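The structures considered in this document are given below.
After this come two complexes, each holding subunit A, first together with subunit B and then together with subunit C.
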Partner chain A sequence: MTLLLKAWGAYVRVSSRWPAIASIVPFIPVVALWWAVTALEIFPRVFLPGPAEVARTFADLVYKGILPEYLADSVVRLTVGAAWGIALGIPLGILIGLSKTAHRVLWPLLLFFQAIGDIAWLPILVIWFGYGLTTMTLVIVYTVIFPIVLNTVLGVRSIPINMHRAALSLGASRPRMLWEVVLPGALPNIITGLRNGLGYGWRALIAAEIIVGTSGIGFLMFDARRAGSVVEILLGMVILGMLWYIVDSWILAPVERATGERWGLVTR
Partner chain B sequence: MRLRSTLTSVLMFLAPFAVLLGLWAVLVPYFQVNPRLFPHLGAVVDAGIEAGRDGTLLAHVGASLLRVMVGTALALLLAIPLGVAMGVSPALSTFLTPLFRFFSVLAGIAWIPIATLWFGYGFGAITFVIFNAVFFIVTYNTLLGVATIPKPLRNAAASLGAGRWSMLTEVLLPGALPNIVTGIRTGLGFAWRGLIAAEMIATNVGLGYMLFVARDFYRTEVIVLGMIVIGVLWLLIDRLLLAPLERATIERWGMVQRA
Partner chain C sequence: MKSLKVRNLSKTYFDPYAGTKVTAVRDVSLEVPAGEFACIVGPSGCGKTTVLNLVAGFIPATSGEILLDECPVKGPGRDRGVVFQSFALFPWRTVLDNVAFGPKMRGIGKVEREKIAREYLALAKLSEAAGRYPNELSGGMQQRVGVARALANEPDVLLMDEPFASVDAQTRMTLQEELTRIWQQKRPTVLFITHDVAEAVFLGNRVIVLSKGQVLEQISVDLPRPRAWDALNEDDRFKALTGRVLQLVRSA
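Entry: the complex of A and B
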């Protein structure tokens, strides 16, 4: 018992110095359990291959060049879609946040179209644009844009009216108001919206690739499903999870925290 | 007076939709849009009436809702006790947090290919996808909720002689409730999308299937009808069920978090 406690203490000390370790170590028992279950053949091998086989497939697919290409395809699609989403979403959000009329007209429509959900658009988009990049990009833009708009509106509206008045009475012009009051004030919310939007967009991308894809990680998984190869499906899942985990907790979350610390005061 | 103001706000909410429908009714015939690309308003209404009369719409909606309910109920039954149990110990909860974050990232759509292999096409696979989407997110949020209950509150309850059971029902559960409800709302949002995607691939009844089959025959009026039904259903679930629930729990128990 004391040995266990000592080991735990050492782990806590090490992981507080290098936080990255704390996000890797918990996976060791899971992988070990996975390995044990497959080694004991509780489920048939065909249905649940072990970690070693998945790693071998990973090496194999990297060597053949399929995996890097598919991964690049997925990431490019997400990036392009997200860029459009940001470019359209932030101005729209600011407009709705600042103008009462725009809010009255667009807010109900926004809520409704958000409720339809990205994936429900796939069938009709396929009819309009066929199987291809346009369809997927549109689905992602559609998914990313709503959280960004809704959060931007929230952010713009949470700026205290006195800030506007102070800036105006100090002689700020309209563009300067936008640049120095509205945008920084709404930034923490915008970043939160972006993070949510990318999370939804990532899932939408997978669904789009599964249903209309010709390449990408989602397509890899679904193609493997057709061939009945569970190894590649599991590999796809592990890659998806790891990639998003890294992007979310090592890039987006710190950015969100940093903007919150730098400009977040306004919202409180 | 109060009735009148709610009535006006409802009308204000609906007015933009009336404008949109009006534009649709006028512009689509005016530009002679090919009905294989975008349907007339009348065609969608007809499709709605027809599908409502022969009962197919009801069958699709019923199948989809049943799947969501079964999957969600199973997930909640497992997720909340598990989340509370893990959240009670701070060491355990910090250790397990990355794991649950990883799996809640994967939740939903990414499980569709393997779910269809394990359970075959049909009810099992789709319910599994929904279960998955809700389970990990709710467990993670419950864990977080229990872990963020201030230690003094638990100590106070313990020193006043609270047993394990009353600690659970009067401190841990109420304290974590706002987080749990937020988790349910997010989880259901993902589950709903996962449901539509899964139904496109893995079944022969349900809203997603209805859309996907209509696409094969270029019946855009059925597609648009399905999209409207999906939108209205989710709006009703989210605004009339989940949002009020969240607001009520946060008003009632939300203080605990800020204490």
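Entry: the complex of A and C
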């Protein structure tokens, strides 16, 4: 028992010194279990290939240039869609959060359209816009925008009224209040919305690529199913998880640490 | 510094649940000459915070006038600086940037406004905290930032809404002594709201007792300055004044 505690203590020390270790070590038992299951051949190899085969396929597809190209396609689609979602979602959220009239008019519409899931739009979007970037961008924007709007509204509304009053009595004009009080005050919630929105958007993208795609990670996985290549499907799944992990820990988490957590608006 | 005049100020709310009108402030008239420190004291629910919110322009008056040197004011503005009970500091700005906020809104350049902010931080004995964020400070320090921020904008009148009600007793006494020191140095016109009778007498030149939305009585406090708790706790005039105000508040 004491040995276990000591080992844990050492791990905590080492991983706080080198964060990279903390992000790799939890995966070791998972991969080991995967390897053990495949090595024991509990399932036929064709149905469940091992980590080594997936890694080999990874190297192979990178070498052929297919994987980098597909990955870039997926990431560009998500980035374009997310950028539009942010550019439209944050102002809309601020408008609904600040104006009672806007809230009254737009809130029911928002809830109605939120219920029509992203994928449910695909059939009609394919008829309107065909199989291309427009369709996929629209699906992603549609998915990303709702969590951003809803969380921005929440953030704007949770700013204490005295914060507005303090800024006004210090001479801030109404337009300046937006930049000086409303936006920073709502920022922690906006980031939460962004995190949810990007997560959903990433999933929607894979679904869209499976259905309408001609490239991308989702297409890679669906194409592999057609060819009966389980190893490529597994590779696609691993890449999805890894990519999201990178987006979250390299982009979203540092922004959160520098804003809400630093200001004491979000508890760690 | 300007004088503050309030004439026949009334505020009536409609209570949608009770279905009746509620009068929070009824025909209040008062005057704070330029450079005077006036305290409004009264039991909870007497309308004192409503009076401050009306004067600050945060809520519209049902009737009556608010004048700064005979000029009527409407809505919030930088001529009336406010110190809040909840501090209301901007958590996303450092202490220095909080204090520099008013000058920034006035269009003063970065170098100049930071110089102003540092001057007021020194006045509030906060120079070391300039680079920190509000949530890293104790309540007492946060409220010093609140006072420095309001003063750095050089308002005509300083409005303070129970500013020391949410700090511990020892810190409160220190803050009260420091506020009297700062007031003597800068001589702003102050309207200070409190439910604490001793605080009102300790700080003010004048104590206005409010009851049921009306001015019950005004008592001038001619205790010598600088004021310190060690001396005043044993002072007979201080005891007599607090006794009298307390009697008025309790009868209210």
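Please note the rule applied: the second predicted complex is superposed on the first by the 248 of 268 C-alpha atoms of A that agree within 3 Å, B and C clash if a C-alpha of one lies under 4 Å from a C-alpha of the other, contacts with A are read in each partner's own complex, and residues count from 1 in each chain.
Following the convention adopted for this analysis, a contact is a pair of C-beta atoms (placed from the backbone, for glycine too) under 8 Å apart; a residue touches a chain by one contact, two chains touch by 3 or more.
It should be emphasised that the depicted structure is a prediction, and the values quoted were computed from it without experimental measurement.
**Q** Overlaying the two complexes on subunit A, which is it for subunit B and subunit C: clash or fit?
**A** fit
**Q** Check the residue A:R176 against both partner chains and state whether it touches subunit B (first), subunit C (second), both, or neither.
**A** second
**Q** Does subunit A have more residues touched by subunit B or by subunit C?
**A** The partner with more contacted residues on subunit A is B.
**Q** Is A:L187 touching the first partner subunit B, the second partner subunit C, both, or neither of them?
**A** In the superposition, A:L187 contacts subunit C only.
**Q** Report for A:A167: first if it touches subunit B alone, second if subunit C alone, otherwise both or neither.
**A** Only subunit C is touched by A:A167; subunit B is not.
**Q** In the combined three-chain arrangement, what's the angle at subunit A toward subunit B and subunit C (CA centres, steps of 10°)?
**A** 90
**Q** Which partner chains sit in contact with A:G241 here, subunit B, subunit C, both or neither? Use first/second/both/neither.
**A** Touch partner of A:G241: subunit B, not subunit C.
**Q** Would you sort A:T259 into first (subunit B), second (subunit C), both or neither based on which partner it touches?
**A** Touch partner of A:T259: subunit C, not subunit B.
**Q** Taking the superposition as given, does A:I116 touch the first partner, subunit B, the second, subunit C, both, or neither?
**A** first
**Q** After the two structures are laid over each other on chain A, how near do the C-alpha atoms of subunit B and subunit C get, in Å?
**A** 10
**Q** Do subunit B and subunit C touch any of the same residues on subunit A, and if so, which?
**A** Touching subunit B in the first complex and subunit C in the second, no residue of subunit A appears in both lists.
**Q** Can you tell me which positions in subunit C touch subunit A when the two form their complex?
**A** So the residues of subunit C touching subunit A come out as 56-58, 75-78, 80-82, 84, 86, 88-92, 101-102, 105-106, 133-136, 149-150, 153.
**Q** What residues on subunit A touch subunit B, complex-wise?
**A** 8, 12, 22-27, 30, 47, 104-106, 108-109, 111-113, 115-124, 126-128, 199-200, 203-204, 206-207, 210-211, 221-222, 224-225, 228, 230, 233-234, 236-237, 240-242, 244-245, 248-249
**Q** Using the touch definition up top, name the residues of subunit A that touch subunit C in the complex.
**A** Per the stated touch rule, the residues are 160, 162-163, 165-173, 176, 180-181, 184-185, 187, 259, 262-265.
**Q** Taking the complex as given, what residues does subunit B use to touch subunit A?
**A** 12-17, 19-20, 36-37, 91, 94-99, 101-103, 105-106, 108-114, 116-118, 190, 192-194, 196-197, 200-201, 207-208, 211-212, 214-215, 218, 220, 223-224, 226-228, 230-232, 234-235, 238-239
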